[in-house]
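Read through the structure below, which is laid out as structure tokens, and then see the notes.
As written, the chains take the letters A, B, C, D, E, F, G and H, and residue 1 is the first residue of each chain.
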């Protein structure tokens, strides 16, 4: 059965594209948040009307985005959460906690330097990766039993 | 994956048609209650036998209708609840509460004048809209990341 | 979406056939228990080996049948439970309780004479019918909004 | 074990007091929303800061009140929902839907004149009463088996 | 921790008393339905008003009784269901199915003669007993590890 | 609807092949763990980097494998767990417990000699088989009602 | 009933003490993580043995701490999450997501400057506060209906 | 709040006593299976009647014991599973899987030699200990924040 994977977190590098590209040929369906930063920030007021107060501007947008992100997490078999180099990225950690509470398989993707700060998130994960290519290897292994440099032994 | 949307509430204006029409081309599947008022009122006794007492006449019908409405809400990703100008519309508010308790994404659609009376319902919602076209914009954004007057950045 | 209906209970009359036949053309998928009485009674020992003690003979069979019946109920939108004229039919009432606890829409089908004895089961149901044709009418109404002798107003 | 009862809905008559008073001596613990209308309306801005926009004024308050009301419903064995003569009372119907979705035993209390408009809510209830005294009788019967004018036969 | 036991089913013999009496000194809390047959039949109309139609007379009562029975089952660790010599006892089988679907430990108590007719219910049970004294032995063993004629080895 | 079956446990004999082969023509979808012993042991370090400590070597691999095994169990209608002649096979028993807690239909497959040691696992199962062919017979019966040596009476 | 409150997040200021102190006299039971930074970091290796690799040192500790934090969140009625001025605080956001997925009432406490970065977390909350005293006011209102500067109208 | 701990697994050494003794003074409530081997094996037939077939002898007993063990696991905050030197101990691994599926905090206790064979069980655990004293340290830390050789910083 198609493996459903939600790609949460950082939106400023090409990690999603590298995973999607690397997983070509595997029976995986990817979902992700809206990754257009401006659209994601302004969607609430753009559709439902302007707010003079930044708090409500943001709240309206965040609530709309949550329709998509929660559905993506709830329907996923695996939730991959990427922490990048910049920003607070509290929404990524929030998604990780949300996924963990639902019993989803969590894969965390982050550079070595965040290791200590992410220890609680990592400890809730099935795997902690440093590169998108490792995530692709995980998806391939989970579906086919194939490891890098070896032939897969168990076709799905 | 197809977005499942349940359209609950008012049955006397064309708001459902405007949403369904506006969402053409989007990967959305709509469900709704039986919107033929007379059929909805009389379905119980029509199928299962007359009742002299109005209470049981109504109870038989409401229980049959609940088979459809609960299934519609339980299978939905998003529940849109419309409050119109007339009638008590307690069934609409009941559906909203039912959807909220199940953790569904709730979108409320009502004219400005009902704002105060609907504050508890609105507070449970991911979005509060005034027009069916805003609901269409929400569905489009959730699925594609496209905002009104902007090109979508994240195809589903 | 296809309406999933499980037909539980009595296996000695043609009520299932009448419902399946009557629902032709509707988007309904039916499931039911194994209705071959002898196979149902003997399946356990037939596959897993004879038992000298009648209790274990029956237990082995009932446990195998439960794989099918519980799956049928758990996957159903509507569980129809038929009580006929003969036998204790405790398995039918058990299925009704099982379905009720899972929050399934329950439709009970029984002759008038069992009304008092079935009052707890009927009270947990969305509808109590006396004929298979009424069950067909319910399925049609739930899916299409059409009532007997009227044109349907709300296509699914 | 103590019967937990949540009293939702109308806040302008003494129905809660009549139930609490009538249930004296029974092992019942009552919870209810904040029934001070002004406090309930203004709690959000009073604690968290003023809002120039009425929508957000109301939203802040409704969200705070929801902490109490949802906890009350979620912990209850029985949810009593009262519909009075005035106002839209959509929050009462919302609570009823919320309780129904959680599988709570629902008791609806309303004057005869609302019967048709409340048919969906009534159809989800275990009992529909017209007076607070009937609700007391229900609580007494559920706990002790005693009926009005008869001695109870089954002490809890 | 106190073992919570719900005693469902037959109300015309003294099996409940024998279990409660036999379990004296054990940390068990028993619940049961209202066992006054007349009160149980008439509770609905007695509190909520007469019904000329027997079906609704019974429905009103069964719905009130369900408040107590479902709470009893939902809060129990063990649900004991007794089938006696007389009547259809479909409510007992309904309770057994309800308990099984909730994952409760089910103990069935019935005379040998009902063995075949109850095979589906028995197959869902953790134990099938013929006498109330056996049920007492089960409760004692579950709590203390003591068996009939042996000293208990594991105090709770 | 397609019957989903997860084949857990022993990976050193051809029992899976015999079941899959025997079930040809039946509407069954099989899932299983990665059965390449070396890949299964080394997947973690192979993808995510070497570990000098055997404990973490194994932990990394077991966590990756759990992504596949838990998904397989959670999506299954029936979980078949095979205990063979060798090794501790604690992962098989762990899977059985995992499946039981989720309410899955459990079928245990083991040689007679393990009977006493597996009594708790067997007692949680719907069926205990000794040969893969018996498992095939179970799947056929559950889907079609056909027994070995008899024509099926209830097509799915 | 005692209100159960879990205090998650920042451990370097006295916000917990101010809330606990302010809530004196209210029927609230507080839980929190281990707030001794050194103990929290080293608990895993201190009890279960040293790890040369920092990743596993941290993992062992984070997994132990999760026993306490998840229990605290799962048993809470209200989860308060505090974001302070320093550090990444991803564990705080993880806890907020975990609480949101379980349907807990979430109260977020943070300085104004984090508003935009916390918009997704805030949008999932029932209240967003800036001071511990506001949290105390919320707890008092939820329990008693009393607002700052007004007498409470609804004792619990 | 009292920490509830279930002690599953090996019954031939004094590990339970050492944990219970070591935890004196902590707010912990322990539960465990019946640890009298003979009583545990024979409880079914001792109470419910002899069985000539060993399989049913064992099945009757295992089903009775499951009433106690499942309740113990379901009510626990922490499930400790001990694997000793002897026997297959599949019931211990079954309990571990059962606990994991319910989201319980799992602590595994086993000698070093079983490390590889228990890797799937260990990978599902929050902690892997080798001595009962380490388990006591974990319980103390979870409740009080105190570590061995340090003063506790966070009283519960």
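As a convention for this text, a contact is a pair of C-beta atoms (placed from the backbone, for glycine too) under 8 Å apart; a residue touches a chain by one contact, two chains touch by 3 or more.
All values reported here derive from a predicted model rather than from experimental measurement.
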- Message: Which of these, C-E, A-G or G-H, gives back the D-E interface, meaning over half of its contact pairs coincide by residue number?
- Response: G-H
- Query: Taking all residue numbers at the subunit C to subunit E contact, is the shared part over half or under half, that is, same or different?
  - Reply: same
- Could you tell me which chain lies farthest from subunit C when each chain's centre is the average position of its Cα atoms? G
- Task: Consider the two chain pairs A-G and G-H; indicate the one with the greater count of contacting C-beta pairs.
- Result: A-G
- Note on the structure: Taking each chain's mean CA coordinate, subunit F and subunit G are separated, in whole Å, by 42
- Query: Between subunit D and subunit H, what is the gap in Å from one C-alpha centre to the other?
  - Reply: 43
- subunit A-subunit F separation of Cα centroids, rounded to whole Å: 30
- Sites on subunit B at which at least two other chains make contact: 63, 66, 128
- Note which residues of subunit B are touching subunit A in the complex, please. 1, 3, 77-78, 105, 126-129, 134, 137-138, 141-142, 145-150, 152-154, 156
- Task: Provide the residue numbers of subunit C that touch subunit E in the complex, in ascending order.
- Result: 54-55, 58-59, 61-63, 65-66, 83, 87-102, 114-124, 128
- Task: State the interface residues of subunit D toward subunit G in the complex, per the touch definition above.
- Result: 29, 31-36, 39-40, 42-44, 46-48, 60, 63-64, 66-68, 70-71, 75
